[in-house]
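What follows is chain A paired twice: with chain B in the first complex and chain C in the second.
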Partner chain A sequence: MKELFPAKQVMGFVFSLILTAVALLVYFTDLSFGVGMTILLVTAFIQAFLQLVVFMHAGESKDGKSIYTTIFYGVIIALITVFGTLLILLWDM
Partner chain B sequence: MKLDHTQPLEYSTDQNQLNILGFWIFLGAEIMLFATLFTAYFTLEGRTGSGPTPADIFEITPVLIETFVLLTSSFTIGLGVHAMRLGRKNAMLTFFGITLLLGLGFLGVEIYEFTHYYHVGATYQTSAFTAALLTTLGTHGAHVTLGLFWGLFIILQVKKRGLTPENANKSFIFSLYWHFLDVVWIFIFSFIYLKGMMM
Partner chain C sequence: MEFFERFAIPHPSPMIYASMVAIALVSIGILVGITYFKKWGYLWHEWFTTVDHKKIGIMYLISALVMLFRGGADAILMRAQLSGPDMKLLDGQHYNEIFTTHGVVMIMFMAMPFIFAFMNLVIPLQIGARDVAFPRLNALSFWLFFAGAMLFNISFVIGGSPDAGWTSYFPLAGNDFSTSVGTNYYMLALQISGIGSLMTGINMMTTILKMRAPGMTLMKMPMFTWSTLIANVIIVFAFPVLTVALLMGTTDRLFGTHFFTTTNGGMDMLWANFFWVWGHPEVYILILPAFGLYSEIISTFSSRNLYGYKSMVGSMVLISLLSFLVWTHHFFTMGQGALTNSIFSITTMAIAVPTGVKIFNWLFTLWKGKIRFTVPMLYSIGFIPLFTIGGVTGVMLAMSAADYQYHNTMFLVAHFHNTIIPGVVFAMLAGLTYYWPKFFGFMLNEKIGKSTFWLLTVGFVLAFFPMYITGLDGQARRMYTYSEATGFGPLNMLSFVGAALMAIGFATIVYNVYYSYKNSPRNIGSDPWDARSLEWATHTPVPEYNFARVPQVFSSEAFWDAKKKGHQLFKGELKDIHMPNNSGVPFIMGIIFFIAGFSFIFAIWIPAVIALIGIFVCMALRSFELDHGRHIHVKEIKEIEAQYEEVQGNEARSHTTTRV
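Right after this comes the complex of A and B.
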């Protein structure tokens, strides 16, 4: 039975739960908007990265490099799309 | 078919390795799909017109349940893939089954949530905010729904034909899809719900 629950994945799950709990501080305590958003950005990206490495085994095959390149390229274009749009349409810069 | 026994079954043929790489490239495109939805949402979330604001309609309890259920399902499918690598077919099928049940639970809560929005007067046509919100949540929910059927078919195939290189490959790719949906949910949870309730 024990071999079905590898330590790495159990730790990954526990760490995800902790990160979710930290993100919830934003709701349950009275933080400023800036501090709240900083906490959310940090916890969300760490948790996404955790999924990628621990659960999705992104780097383990010989295609690991191509996989990371594809995903980071996708993330960079996504961030440019989101923040580029906000910069022009919402923040008037 | 050349089998490489130094690799887990799902990577064991050249075709299998290409399938997995190809699916990652598809996930790159999925990242962009959700990025454009988030872009529209962030741009329009303040445009509530005479309709409700995010803080008016978001409820913490269903969001917490959805988050916990989806996070757990991502863990159980990870255990499923681990069991598959050990060659433990029944354990793998159990974990995949639990994953799908949790997915179904998630979908049930999301459907409740949508009816709640309807009852408080936040429909697709209420405001730019509700349209962007329901499109983003709906796209994620549609992905989960598709995943439930896909996962069911994977379970049936493994049950019927056993852990062949093809089936192991399909199962692994399905697990990638499921984990990806959890990643998208983390962003929805953080930047739609928690951000909305903070304001």
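Right after this comes the complex of A and C.
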């Protein structure tokens, strides 16, 4: 019976509901713009990662390693682009 | 009548009217010719619907050559206009349009399809596969590129060409300053062909990672395969940025958003920023496959293993990461602070290190080799010193403080032509000559090929080296004329002479194809160059299924070792071969994308919406389509194989090969 119960998926589902609720709170409570955006960004990225690992089964096939390598590389390129752009256009303008 | 006024050219000139007539006549001529010779069925069954990587590669090749002449015509017009002070050949507007289309055509519609041509032609053969991973997607990539290219090329006779430079910087490219539909053409045509490029990137990456012959580990892949893998990784990570930037630019121009405006919260520098986040990796997308081709050619014609295989791979991986770290060096003078400029100066100069490693590896491959001075080898040997000069001036430009002097002058123009022409164009012509016999069954004439090489090299040096001097003297880029007092006249005349020599050089390529088609012998065997990698281990011309038996690989130079050490590449019984079916959907989608693009450019919404729906209908139909492909049975394979001579590396080897 224990093997049949999809504990990981149920936990993932509950956790993603919690993340959604936290994100929704930003709308209903009176937070400053900065704090609100931070919460949204953090919950959004955790949510995306959760979906990828639990429901889209990243890492469960024999390509798991290359999937994570690609994601890691993509994240690095994205961070470089975003922070580089911020540096050029805002912080050092 | 009012409806049709939008299609008129805003700045007509006799030259444009002449081109209109020429285009109309040539189009009618082609249509009548195909109908007269009853070739529509042949074209449809063999080419328009094909999913065969070799045929798609040949179509890319032909498109690239045609676009080379289109872009070359732009170039010779520009050089003619600048050949003397106060020339009246072109007016300012026409000159703006020509330098814009020259840049876009040469990068997006000449260099990109040229490298895609070689990827398509060579990669599946080089890794011992039967086709790419997604053959139909591959056909769609080609037809999207073709739709984009055609869309861009009709701009100068319908509605006016883009005139804001190939970089199309906002706010100049915004509606306030670029009032014609030209920049819409730029946005939509690049968008459509860019989607095609992105799909090729995914396709080639998957092919190389998943479909290599048994025994070919990553570190046993030939160098062109490695360079293609890295280039396609860069495509996958860089092209989405262009897609989004073009979309934002399109909505700015068509729907009145304010991403790149100077008012209402827009940020005018953001376009330049996004453009170069894509644009700098783009130059490595072009140059890395070129490096791969040079590696193959230099090692073949030196009869030596490629020196420093691991360092070659390592330097390419490093270049792929560094290519994303340098984009600011394209706009050092835009006003950001010294801190940013210093960071990007250092990352830019760092790229010279892995590139230098590669240069030394090629030199050491040549060292003590038995060098054969064939045409592909001449291009490769010409490339090394010329490209190094381009690289060194690149390091000069990388110093941000000094860049304030060089920026936007002819010095910069000389620099990037100095890297792209010996780097990419020479590689493409070397590859063209090198791989020609494999796909067409006859060799290109060596004598004419050598005169082409010398015409291009001498022409190149005469055309671009004077620009370094006039650039340092202050001749600005993109200025359509100058006064006699500036003293730029004589050197610009020299440039024009060089450009004319190059034009003659390119014309000799066409003559060479014609001459060789008429006169070259056809019994050249499967390995005319005595080459080293798997693409030469199959018949010439290559059968539809590439290899009757899947090759077994033991080293990075599988075919060479099969010839010299007696490795057996092809073992075991013949089996039925599973091949994909042809499909007309990619071609039809290309046409629909063309219609969608054209309607968006002129803001004619009803056909635009219908075409967009058509695209999604095609995609939905595909997902419901049941297509398991077809099988070529052993009996058929035997019949086809019997038509060819035995290839080397087979179990029953023949020792006779024809060499030149």
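Operating definition for what follows: the second predicted complex is superposed on the first by the 84 of 93 C-alpha atoms of A that agree within 3 Å, B and C clash if a C-alpha of one lies under 4 Å from a C-alpha of the other, contacts with A are read in each partner's own complex, and residues count from 1 in each chain.
Keep this in mind: a contact is a pair of C-beta atoms (placed from the backbone, for glycine too) under 8 Å apart; a residue touches a chain by one contact, two chains touch by 3 or more.
Not measured: the values here are computed from a predicted model.
Trainee: Look at where chain B and chain C land on chain A after superposing the complexes, then choose clash or fit.
Mentor: clash
Trainee: Where does A:F33 make contact in the superposed view: on chain B (first), on chain C (second), on both, or on neither?
Mentor: A:F33 contacts chain B only, not chain C.
Trainee: What is the contact status of A:M56 with respect to chain B (first) and chain C (second): first, second, both, or neither?
Mentor: After superposing on A, A:M56 lies in contact with chain B but is clear of chain C.
Trainee: Under the stated touch criterion, which partner chain does A:F5 make contact with: chain B (first), chain C (second), both, or neither?
Mentor: A:F5: touches chain B, not chain C.
Trainee: Taking the superposition as given, does A:Q47 touch the first partner, chain B, the second, chain C, both, or neither?
Mentor: First partner only, chain B.
Trainee: Give the label of whichever partner, chain B or chain C, reaches more residues of chain A.
Mentor: With both complexes superposed on chain A, more residues of chain A are touched by B.
Trainee: Which holds for A:I18: it touches chain B only (first), chain C only (second), both, or neither?
Mentor: Neither: A:I18 stays clear of chain B and chain C.
Trainee: Pick one for A:Y73: touches chain B only (first), chain C only (second), both, or neither.
Mentor: both
Trainee: Touch check for A:D92: first (chain B), second (chain C), both, or neither?
Mentor: A:D92 sits against chain C, while chain B stays out of touch.
Trainee: So, A:T81: does it touch chain B (first), chain C (second), both, or neither?
Mentor: both
Trainee: Please identify the positions on chain A that touch both chain B and chain C, taking each partner from its own complex.
Mentor: Residues common to the chain A contacts of chain C and of chain B are 66, 73-74, 77, 81, 85, 89, listed in rising order.
Trainee: Using the touch definition from the top, list the residues of chain A that touch chain B in their complex.
Mentor: 3-6, 9, 12-13, 16-17, 20, 23-24, 26-27, 31, 33, 36-37, 40-41, 43-44, 47-48, 51-52, 54-58, 61-63, 66-67, 70-71, 73-75, 77-79, 81-82, 85-86, 89-90
Trainee: Name, in rising order, each residue of chain B that touches chain A in their complex.
Mentor: Chain B reaches chain A through residues 7, 11, 17, 20-21, 24-25, 27-29, 31-32, 34-36, 38-39, 42-43, 46, 60, 64, 67-68, 71-72, 74-75, 77-79, 81-83, 86, 88, 91, 175-176, 179-180, 182-183, 186-187, 189-191, 194-195, 197-199.
Trainee: Which part of chain A faces chain C closely enough to touch in the complex?
Mentor: Per the touch definition, chain A meets chain C at residues 66, 73-74, 77, 80-81, 84-85, 87-89, 92-93.
Trainee: Across the complex, what residues on chain C touch chain A?
Mentor: Chain C residues touching chain A: 209, 237, 241, 267, 269-270, 273, 277, 324-325, 327-328, 335-337, 339-340, 343.
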